[in-house]
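For reference, chains read A, B, C and D in written order, and residue numbers begin at 1 within each chain.
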Amino acid sequence: MPIVTLREAIEAHVRDGDAVALEGFTHLIPFAAGQEIIRQGRRRLHLIRMTPDLVYDQMVGAGCARALTFSWGGNPGVGSAHRIREAIEAGWPQPLEVCEHSHAGMAAGYVAGAARLPFGVLRGYLGTDLARHNPAIRSVECPYTGERLATVPALNPDVTILHAQKADRSGNVLISGILGAQKEAGLAARKLLVTVEEVVEDLAAPMNAVVLPHWVITAVACVPGGAWPSYARGYYPRDNAFYIAWDEISRDRQRFTDWIARYVHGTPDFAGFLARLRADGGLA
Amino acid sequence: MSSVRAAAPWTPDEMMTVTAARMLWNGCVCFVGIGLPSAAANLARLLHAPQIVLIYESGTIGTRPEVLPLSIGDGELADTAAAVVPLPEIFAYWLQGGRIDVGFLGAAQVDRFGNLNSTVIGPYARPKVRLPGAGGAPEIAAHARQVFVVLKQSARSFVPKLDFVSSAGFLDGGGARGRSGAPGAGPQAIITDYGVLRPQPGTEEFALVARYEGVDPADAVRATGWPLAVAERLEVIAPPTTVELEALRALHARTQTAHSRPVELPV
Amino acid sequence: MPIVTLREAIEAHVRDGDAVALEGFTHLIPFAAGQEIIRQGRRRLHLIRMTPDLVYDQMVGAGCARALTFSWGGNPGVGSAHRIREAIEAGWPQPLEVCEHSHAGMAAGYVAGAARLPFGVLRGYLGTDLARHNPAIRSVECPYTGERLATVPALNPDVTILHAQKADRSGNVLISGILGAQKEAGLAARKLLVTVEEVVEDLAAPMNAVVLPHWVITAVACVPGGAWPSYARGYYPRDNAFYIAWDEISRDRQRFTDWIARYVHGTPDFAGFLARLRADGGLA
Amino acid sequence: MSSVRAAAPWTPDEMMTVTAARMLWNGCVCFVGIGLPSAAANLARLLHAPQIVLIYESGTIGTRPEVLPLSIGDGELADTAAAVVPLPEIFAYWLQGGRIDVGFLGAAQVDRFGNLNSTVIGPYARPKVRLPGAGGAPEIAAHARQVFVVLKQSARSFVPKLDFVSSAGFLDGGGARGRSGAPGAGPQAIITDYGVLRPQPGTEEFALVARYEGVDPADAVRATGWPLAVAERLEVIAPPTTVELEALRALHARTQTAHSRPVELPV
């Protein structure tokens, strides 16, 4: 399991048309990786994520995606994910096919994917219209009680990308704090890329901590700050001001496009992105 | 600052938050969403329900945040939690496991049976407004022992027919929910800016059963897209006490301070 | 969630005829609780446990059980569980009905139980005779691929009993080290009893540690050494010598019966049991 | 102690352990059971496969024990592991998840197709000998990419027909396993006290393909309850080297010392 640059990792492992999951529930969202995918101009991706917030708003608005599997899409605590909305409502910059779940359903899909079962079972979607509009939501009959339970197909992304606190030099990765469905999404994928805040000699993981061993990881890249504007527990807090600022930036097509051009396409990598943002006063 | 002055006027949000907080009891296990429910649950914890158990869907169990989270997964929630578990576990073992007393839900639309829409305005395939979507709501609505809905009343939000059912209340009423196999008892209160609606026995249609001081129930009826029934004996909800208002405002002030601290990246 | 004596916990919460799971996979096996159940003369229990080793050998030999759900029954690293064998082979001291699974199947049953689903799904039991002899092992058809997958019914014990390292004064419990299916078995039960090595002011649990919150626990009892001869990480190691000694003690009906009479019925509680064992030279 | 003397004679267990260890490669992900497989896997780790990944069903991943565990869940395994996870996760995400290169299995009986019995001698309902049972074996046999069986040969253990199929090898042979939907390739070697048996292409029946030095294949045939096929060109397995034997004996000696330390309870 090599430690590489993020550019190398994305170049080598993310293909046009791939089903790609960038996971991390509010915490440890792999923003740097999402921007590198934009920078490299990937197209027709099937984006998978429980909460497509700013990271997918950027990718969808930049034209990377043809489909979205999700369970909640917005700017948490702020409002709409404007670029995702406009893709769905108006087909801009291109139409976005949606496969919509509940959180519980999507979590069950990742769990099934990690366990290499073809489906997950839950007592879910009861009385809702979700199953009516998503043909992937089906049901099985319990062979003991006769009860009908909802099923979701396993989620097995071509590539899952996570951000974590630390890797050691062998590439073992420690995740600490709010976990979301990161481990399940990572183990469900055919390839697993991880960006980390730092590479250390010794993970010093506490007993029963969440450690992904190096041999299930395809590549690790060290990208300090790579979860910004989300957060990395122990490194930096969530930049709520940027989430609020994003509402304005993303509301307008042109302003969004200019922002992507200046800050993503106009910078060589995430360090360059942060430097330009700081120079422009958008970062403390 | 004099506490009498501070307590004098209050906003509808404050009235709703205090009303929701009062419905929570000490020891209650509460599945909390962001925004007003989170404020209400933490207000209850700071006042009459110190042993309330707060669970956020991000995986934090028994959390005791000093300030309100802006997102459902702020670091503060993990740092003060009794346990931080994977998200799939929260939905499987804790929510579906039947361990939640109260789930809070908001929505864009509610109908007379407490069914909620947080998905779309207009047709699903050609949305007029695409909303964020259901998130955890469908299973919170199904599995929490009871659900409290928090939503300001207007003809746009209290509608005769939902554009989309994101989470189930009493479905078509008259026992339909019970027959659907949903384990929880469903929505037991809708807390609005006029008062509180509760489901009526038998029909399971929501009626206004309590109003805030100074509210004319006729205004609540006008702000509802269906012919809202009003209870014969309409309870009057006491205004926020000084203690409640001060605690809530202090909580919001702490939150404001914490969230406006500039973030310094170590790079 | 009250902190009580083990005697009180068993008196109040374990009934004749109950389905009872004492879990802990090699580590943290609740031996003290098993012996207190013997001491109180419980009968007709349906014992559930992945690895019925010495703890159930004692309970079965002492006549507490009418049925056993399990996936591996022996003296780990040593040989047979002689009392369980004799109950199955010869019906002594009474016949023992068995419901036999694989580890994977039983784990899936606990997971389903904790999630309050009626069944668990696995790609398991393929080509084996287990399903032929256990009518509880059935199958469902995947609604996406048509594959038939094995199912097991949820395991929902009336009472699960665990041993753990620590509780705080509110009754929150920390489990650290090898976890087995303890959490799942605990959350699957209608009542959950926990014995702990010590009660502390502050659990000092690391981030993402396994903590069972007080409000899912029916009662906690402080029983130092309560996992002996198994072990409690951070407190004492596994007493391999006793596992080996048990082979001799348990091989013979009379010797076993005498041992139970002297050490379990002849002592008031687990502290008394350890004291007598020490006095007799059976403990360092 | 002279290493030449120490290396002179060796036990069948030692020969089997060394043979099994040699089959493991550096980086191999190995699902280990207690006893000889655990000794073999750790011997490989100490010699030619320092990066081997050892997983025990108790939930320890990437463990590097200094001494051999007596039970599958000794504290040593947790203390030296890269990760310690719940047991249900081991079976769901790691074994069924298809991440295991090699699973080791023992048994009371094996048949010519590598099916194993570890459940019962005699009828299931009226057992002559009730064995411990299948444990993790059925799914290890199904999901590991390949399985190595370790078992001494005798007419009692190498039988024409199992009393009970606890875990599947090639079922009735001739491709039956492949048709059953089992994801793994099944048993690829049976390591005995005479040598190594491997499944033959097409029939999938096990034949003796390698013998230890000094072994007469006719003895292996006599110790087998079915007419054991012997490969035309029988490979000869090199005896344990001094390095192998010394490492194995040192490991066992360390283990013996550690396990005979009296346990002191802090009560």
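We take it that a residue touches a chain if its C-beta (ideal position, glycine included) is under 8 Å from a C-beta of that chain, and two chains touch if they have at least 3 such contacts.
Note that the coordinates shown come from a computational prediction; the quantities given were computed from them, not determined experimentally.
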Starting at chain B, fewest touch steps before arriving at chain D: 2
A-D against C-D, pair bridged by the larger set of C-beta contacts: C-D
Geometric centre distance via CA averages, chain C-chain A, whole Å: 40
Distance between the centres, which are taken as Cα means, of chain B and chain A, whole angstrom: 28
Multi-partner residues of chain C (each touching 2 or more other chains): 111, 116-117, 122-123, 147, 177, 179, 184, 207-210, 233
Two or more partner chains touched - positions in chain B: 78, 84-85, 92, 96, 183
Pairwise touch network: line, ring, star, complete, or other: other
Chains touching one another, given as label pairs in label order: A-B, A-C, A-D, B-C, C-D
Chain A residues touching chain B - in the complex, by the definition given at the top: 25-27, 50-51, 70-74, 76-77, 80-81, 84-85, 88-89, 100, 102-105, 107-108, 110-111, 122-130, 133, 147, 177-181, 183-184, 224-225, 228-229, 231, 233, 235-241, 243, 271, 274, 283-284
Footprint of chain C on chain B - complex, ascending: 27, 29, 53, 61-62, 78, 82-85, 92-93, 96-99, 183
Contact set on chain C toward chain A in their complex: 116-119, 121-123, 138-145, 147, 149, 151, 153, 176-177, 179, 206-210, 233
Interface residues, chain C side, partner chain B - complex: 111, 114-117, 172, 184, 187, 205, 207-213, 215-216
Of chain B, residues touching chain A in the complex: 34-35, 57-60, 69-75, 77-79, 84-88, 91-92, 95-96, 115, 119, 124, 127-139, 141-143, 164-168, 171, 177, 180-183, 259-267
